[in-house]
Structure formats: C-alpha cells, structure tokens
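What follows is chain A paired twice: with chain B in the first complex and chain C in the second.
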Partner chain A sequence: MGLIVKNLSVTYGGEPVLEDINFSLKEGDFLLVLGKNGAGKSTLLKAIVGEIPYSGMIKTFNHKIGYVAQKIPGTIRFPVTVEELVLAGTLKGKPKLSYSKEDREVAVEALKATNLLNKRKKLLGNLSGGELRRAFIARALAGKADLLLLDEPTSGLDQMSREELYQVLNTFFREDTIILMVTHDPKEIKILGNKVLHIDKKALYFGDKDGYLAGEERELGFECCPE
Partner chain B sequence: MKRIVMLVLIFTLFALSGCSNARTASTTESGKPLIVTSIYPYGELAREIAGEKAEVTVLAPPGADAHDFEPKPSDLFTLRKADLIILNGGGLEPWARKIIKLLGKDKVIEAEKILEGKVKKDDPHYWLSLIFARQIAKAIKDNLVTLDPENKSYYEENYRKLADKLYELHLAMVDLTSDIKSRKIFTLHRAFGYFAADYGLQEISLMSGKEAEATIGDIEKFMKEFSAEDAEYVFFDPVFGKKVAEKVGENYRVKFMPLYTLEGVDETLKGKSYLELMQENIETLRLVLGGDD
Partner chain C sequence: MDLNVVQNSLLIALLLAIEGSLVGVFLLVRRYSLLADALAHFSLVGAALGVFFGFSSLLGGVFAALTGGVILEALRYKENAFTDANLALISAGGLSLALIIASLRGEVWQSLGQYLFGSILFAGEKELIWAVITFLGVLLFLMFYSRHLLLLSVDPAGAKSQGIKVRFNEFFLIILATIVVSFGIQAVGALLTGAFLVLPALIGIELARSFTGLIFWAVTVGLFMAVAGIIFTFFLNLPPGATIVATGVLIYILVVSGKKLGKRGN
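Moving on, here comes the complex of A and B:
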C-alpha cells in the first residue's frame, strides 16, 4: 500500500543529483514531478525502479511497477509488433512457450484502452512517437501494473497525440493506482494529476496540486499554466 | 449428527422459500441490503463501508475462534437472507461451499480469491495485513455498489475514509520499523506472517495453524530461539492465548504483551473496531520494538 520515499539521495560522479527527498503517496494519487532540466526528475524515477544506486529508503510494497522511460530506443530495431510487446507484459518475469487465451484477452483490453487495437500488427519501428509511448503504457496495463512511472510521456508529441495520451492516463487512473509523471509542460498541471512534487535536487514543494496552483509555484519560480 | 441437522434445515429452508432465487437487494426488514461475514474482521471492514445504508451480521459469536468456528443452524436463515456473503477462505470455512451452493448464493466474496497469488496456502490470516485489508475492503465496496447502486457515492466516500485510515496505520508501521535493531517478533500463535512481511519483520511462533496445545518440547525450542535473540517480550492474543501464556510463564521468565490476532473478540473487546485494535497493536509494537524517536 502506498509508495514511501524517505531521505532519498543520489550522487553521480561525486556530485549530488538528489538530496534528501521525502514524500509518500497513497492509492489514488497522481503525482506530477516538476522541475527544470537537470533537477533530478528522471533520476527520481530511475531510483524508484531500482535502475540506479541510492541512499535512503524507497518502499513500493506489493505494487507492480510499470515504467515508461523517456527514451525508448533499442527495442525498436527488433522486428517486434505492438501486440507482441503488450503480450510480453503478461509474462511477469517468467518466459513462456505460448500465451494463454486469458493473456490474449488481457492484451486486447490493454490495446483497446490505449487506442492501439487497429495498430496491433504494426512493428514498433513504424509507430509514431505517441503510439510508441502508448504501446509501452499498454504493456504496463497488460502486466497489471498499479504503480505507473512516466518520464515526460508527452514530449515531442503533437497536440492530438497528447490528448489521446491524456485520455489513456485518465482511464488508467483508478482508486487503487499510483501514477508518477515527470513533466516539463506547465499546461499539463491543469489537465492531469492531483499532487505535485517540485524538485531542484532538493524538494521545493510536495503536496496537493490545488495548494501548488494557489500561488506557491510563483515563489518557486515555476511559471505555471498561462491561459 | 451436526451435519445431518444442517442438511435437514437446508431442505426445510428450500421448502419454505420455494427455491426462489430473488436477487433484489431488500431482504432485511428495514429494506437495506444484508452483508453476512463469517468472521469479525471482515464484519468490521464491511461496517465501515456500509455505514447506515446496509446491515452487517457476523456469524462467529464473541469468543469463537476463527479456526474452528462452525455456523449454528439458525445461521442458515441469516445466510439465506444475505445479499452479500464475505468469507476468508484459506480453509477457515470448510462448511461454506456446500451451504452457499445449496442456498443458490452468487454474491460471495472470498478474501483468498481476491488476494490470489499473494498469499500462502498454509496461512489464512490475511486480515492482519493492512495492505490486504485495503484490497479486501475495496472488493466489499465494489460489490456493495453493484448491489445497491443508488448509494454508490455514499459507499465510495466511506471506503475512501477507511482506505485513508488504513494508510495512516500503514505509515505508522513503516515509520516505527524503519530504524529498529531487531526485526524478529515472538508470538505464541502464528498469525502475523503477512503483517510482519509488509514491514520487513519476521514472526517466530510457538504454535502454527490449528495446533491446539504446545508440547513441552515445542516450548523449549521456542524459548531457545527467544533467548538466543536476546528478545524481551512474547506476544500473545488476550482472547485466545492466556492459557498457553500461563503454561510458558510457569517455566520461563518472560514478559508478555498483548497483540490481537482479531480471529475473534470476546466481551471485553466487543465494540472495538478493527481499526482501533490494529492501532493498539501498533502502539504495543512501538513500545516493544523501541522504534520511538
């Protein structure tokens, strides 16, 4: 239950990247992680996934983590279809010779939720940026992830792809799910999320989005939400 | 004999009811949906969500042990009226399957099924994990909403409050276990395995499962481990564990502290909620583990 980050610090090459970050989230929280370039936003997600070493405590309890990194190269070169990627989400770490009927049903649901059903036979390399990100979210959905970490999922997407992605996230967002999303787009604060963590190596603000929008962001020098 | 009486009763029930299989949610006198749970903790979770919009009945009477409780013949009438039945599973209600099938009930929640893949076959104490409790509470809420959609927002609000309280207790446990010396807790009756695992603790028990009486040899082995760990306290359930605690206390110098398994409550605890008893457990652990800052 929940996600707890306590006294989290990360150093890289002797330099501090994150310093003493503390926050906790519960099911139903959708956290927007804000901050300028190099503030440690992606590092925070990588620490939660366990990709990098850190000091302090991170507890994800019995959550199943779905992580969509900012850069998704590598896999694209392989001849993998959208459907194959999403089906792989059902593996839960164990290889299988074939997928069960249930696995396929789960994958179809995930493809539907991400609006990719008609693209399921496409190779990953032939997808647009937005479709590719949705495909990775679909994989997390198929794996029944309930702690979703998204690193700037809308960067480089056109307006329509963004809106499609917002819709997918709102579908994913349930009372037993936690989402952490890194964003650099102030407009997204209005559209998504209910909590904000603003960092610049250290945490500058953590709390309800409403409180953040009520004025604290100005003092923190983060210009939000131009009308 | 008991079984024959029960079967006769079931058939009588069918004769009286004409095997009607009505699924409308208005079987109590008050017209509110009726939730029936086998054991106390689920009754408590259900009550928190149901509030005043649904009625909750727990079959196990005060003082009954969850492990060997069997329903009385009159309980069959209660089950017959139930709109939603909540069971633990994991071998605690061997009587349930047949009866529920005969009664034609389809609205049954079984904690074991909700937690599929996360629980062990030989440990049915799911309710002591705050994490599991939240998941079970959610299933109760979802079912109640389907049953009585008119009060959807009421149940959802109650569920949200309950989930928040469970989360607060959970945070308190994380806090008190984040910086402690010993991660072992010694209990007389094994029940806290899931709860302990949630916080990186390890439960060492004198007795496991349904074993009624510990032998002198069991106690010796248990106390050896207890001494080796330089532990100070043994936890016992004040409702069910007094006799065993006395037996251990006769031969060993050991301090006892109460830790409720919530397998059942007696008259002294009746009226205390699941949340209150879990809170008391956490306060006790705070004293013993010395996680206070």
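Moving on, here comes the complex of A and C:
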C-alpha cells in the first residue's frame, strides 16, 4: 500500500521537466513538495493523477485520489452553489441519474471537514478566495479521497484564510491518509507535513521534515544559488 | 391554414424551446455560446443543397451542421479551444457557400429566406417525429450527464481526476447542439438560432440562485419566449424567429434593469 514513484521522468516537447524521481510514501505521510518555479512540482502531481504522459512507474494501489489543481477559476459567472460543486465530487465516469443518500452524506462530511457546512447554499461566485479554495478541496474529499494532491492551495490567500486552510488539512490528515502538497512558502514547512521532497527537475532531497529542517541552510543555499 | 400544420408547428416550437434552452445552458457554461451561431450558419449549406438537388432540406441541414461540428471539434482538439477564428471561419464559410449555391438557381434563392429568417409553418409529421426523437435524446443525455458537464465547467482538472471523460461529454454535447440547431433554423432561422439557444440561459443566470435553478429558469423563459413569439407571429403576421428572440431580449433588459433598481432600492 501507500504510494510508490519509481524512475519517473516527464518531458514536454523534448525538454525534460522531471528526471528520474524516486520516492515512496506510506499511510500517515504528509509530503510537502518544494522547489522553485518551473522545478516540476505541478508536473509531478499531474503525472500521479494521470493527466500527462510519463515514463517510469507510479503505483497508487487502492487509494482514491483527490486532486485540486493550482489554477482554479477566479470568477464563476453562472450560479452554482457550494453544495452542487461538492456533490459533483462524488461523480465517477459513469452516468448518474441522481445523487444517492450516501453521496449526500459524504458531501456533508466533506463540507464539515472544510468548515463550509453553513455556506453550502452560497454561490461559488460569492465566496472569498479562501472559501472557494476550501470548496474545491471539499469537492476532492467528496470522492472519499484518501490520497490528497494539492497544488499550492494557499497561493493568493490572506493570512487568515491560510490559517483556516491549515486547520482543515490538519483535521483531514489521519493515519490512513496520504497528502502531497506543493508549496513555495517556506513558512508552511514549519506548520504542515512530516516529509519533504525538494525537486529541481531531479530530486534534491527526500526524507523526514526534521532532517530537511536540520540541513535547512545547506538546502536553501542550493535553492538560492544555482550553478 | 391547415390545422395539422399549425398544431405540429406549435408542438415542435415548444419541444425546440425546451431542448434549445437546456442545450443553451450547457453551451453557455462551457463557453461555447458562439458555437450555435457558427453551426447554424454552416447548416444553411445543407439546407440549400437539399433544395437544389431535391432532397430533404432538414436532413441536409442536420448533415451539414454535423459536418461543421466535426470540423470545429477537430480544430478545437488541435488548438485546445474554440478560437474566434475557427468559429468565424465555419460561420462565414457556411453562409457564403450557401449563398453561392442559392444564387445558382432561383427556387433555392427564394426558399433560402425561410432558412435565414425561419418560418413557423414549416412542419409536417416527419419533422414532428424528428423533433420528438431529438427532444428525447437531449433529455436522456442531460439526465445522466448534466452533473458531469457542470463539474467539467467549474473544475476541469478535478473532473478529469475523478475519471470523467472530457472528450466523450463534450462530443455528445456538441452533437446534440448540432441537431437542435438544425431544427432551430427551420423555425427561428439561421441568423437567430444562436440567440434562441443562449438567451434563456443568459436570463436564467440573472434569476437563479443555484445551477438547478438556472436550468429551471432557462426552460421556463425559453417556453415563454416561444409561446409569446408564436402568438405575435400569428396575430401580427411577423417573422417567428425575430419575435421570439426580440421577446427574449426584452425580458433580459427588464430583468437586468429590475435587478439594478432592486439593488438601488435596498
């Protein structure tokens, strides 16, 4: 079980974006994926979701993946309620005539976990940036996800919204779940997660967070002064 | 006036109003609202060919619109979007080709007016059967896939990660839109079919407080537009497409100004 990534490489138009990435996670791991812009952080998540072609091996076993992309629409110009979005998180590829009682229960759990239960009738277009992020995370949770992939979920949020989101993640995070979260905010390393993967096309560090923080100066030195 | 024709036309207009507004909602939220216009113009080619060679202009229109839809889908797949250029190409290409075909023979030229501006008294039994079949097709597809299409519009990356097939859903939506459009041009005319599909959804957006509400309002407004338009057509002898769409535009203006006034009142 867990998540295994072996010899993962991705190329875009002949250019390597990820080269020979190896790591494995077990249940109870909360991995922070670090690296500068263009280091391949988002690409790594997209490969795990299966959105882009790659070479190498990715095994997610029986985990249900919940994925929240970095780009979420800034404004939604037509009326959709939070509840309608989160319920749609229970959909699979198959046709669906109506949501079952179980779907509705899972959606309520996801709304509770993201602190949005009292805002479920609100339109997505009327939410704050932080609430909208959480609504998208609730959508991912409603698929009964136990492998959560979050691509810079706190980008563009103010401090209070960030803290609310940290709380949501820490609540969701359990012994039987795996979270991969892309971030480029060094402060988040101290607040969230227990493992770190630092990449710049290749993996520069993979291991416990404590180990990474202990060698922080060396690692940050690497990031600040390439070549 | 043959009562059967009137009855059939009315029935078809109502079926068209419902399926048109339903498809219109999804075209609008997928940001394909100009697609209906482009397809309508392209389906004129088939209608003109039908009159020219003496086969059913309805089927000719459906076939041409499907061809246009497939060309657009292929172009979109290449460029990952419906670009303005692609839509304009199909739209203008179709209209000009239809005009050239029509100018070759007088009778085609004369009947082209009906396809440009629509006619409410076009319908026989065959058209009614076709209308019922497409109506059921739209209804069935949306009953099972409307939630998938909604998620694809709000959160495409998330939808894909849930196993929702983008190409399948979009392809079916476009095919259905194509067939609805081909019918639409018979009643409303090629020039106004796009508006006929999208206006109810636009008005629905102003009135609804949820996506389910949007669908409800779009269908209600669509039906109202069709009924009001047909009444004007019969009693004032005006072109149906123009009266239906003008009714929609009037409702839109009233709703938007009503909302503005309401806000000021608060």
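Keep in mind that, in the parts below, the second predicted complex is superposed on the first by the 210 of 227 C-alpha atoms of A that agree within 3 Å, B and C clash if a C-alpha of one lies under 4 Å from a C-alpha of the other, contacts with A are read in each partner's own complex, and residues count from 1 in each chain.
What we mean here is this: a contact is a pair of C-beta atoms (placed from the backbone, for glycine too) under 8 Å apart; a residue touches a chain by one contact, two chains touch by 3 or more.
Worth saying up front: this structure is predicted, and the values here are computed from it rather than measured.
K.L.:
Determine, under the contact definition given at the top, whether A:P95 touches first (chain B), second (chain C), both, or neither.
P.N.:
Once the two structures are laid over each other on A, A:P95 reaches chain C alone.
K.L.:
Applying the touch criterion given at the start, work out whether A:F61 contacts chain B, chain C, both or neither, answering first, second, both or neither.
P.N.:
After superposing on A, A:F61 lies in contact with chain B but is clear of chain C.
K.L.:
Which holds for A:A69: it touches chain B only (first), chain C only (second), both, or neither?
P.N.:
Second partner only.
K.L.:
In this superposition, which partner touches a larger number of chain A residues, chain B or chain C?
P.N.:
Here the partner covering more residues of chain A is C.
K.L.:
Tell me which partner A:T81 touches in the superposition: chain B (first), chain C (second), both or neither.
P.N.:
Second partner only.
K.L.:
Contacts for A:S24 in the overlay, against chain B (first) and chain C (second): which applies, first, second, both or neither?
P.N.:
first
K.L.:
Show me the residue ranges of chain A that touch chain B in the complex, using the header's touch definition.
P.N.:
1-2, 4, 6, 24, 26-28, 57, 59, 61-62, 175-176
K.L.:
Can you check the complex and tell me which residues of chain B touch chain A?
P.N.:
Those in contact with chain A are residues 118, 130-131, 134-135, 138, 160, 163-164, 166-167, 170-171, 174, 178, 198.
K.L.:
Write out the stretch or stretches of chain A touching chain C in their complex.
P.N.:
Contact set of chain A toward chain C: 49-51, 65-69, 71-73, 76-81, 84-85, 87-89, 91-93, 95-97, 99, 121, 123-124, 136, 139-140, 143, 149.
K.L.:
List the residues on chain C that touch chain A in their complex, please.
P.N.:
28-29, 143-145, 147-148, 150-151, 153-155, 157-165, 205, 208-214
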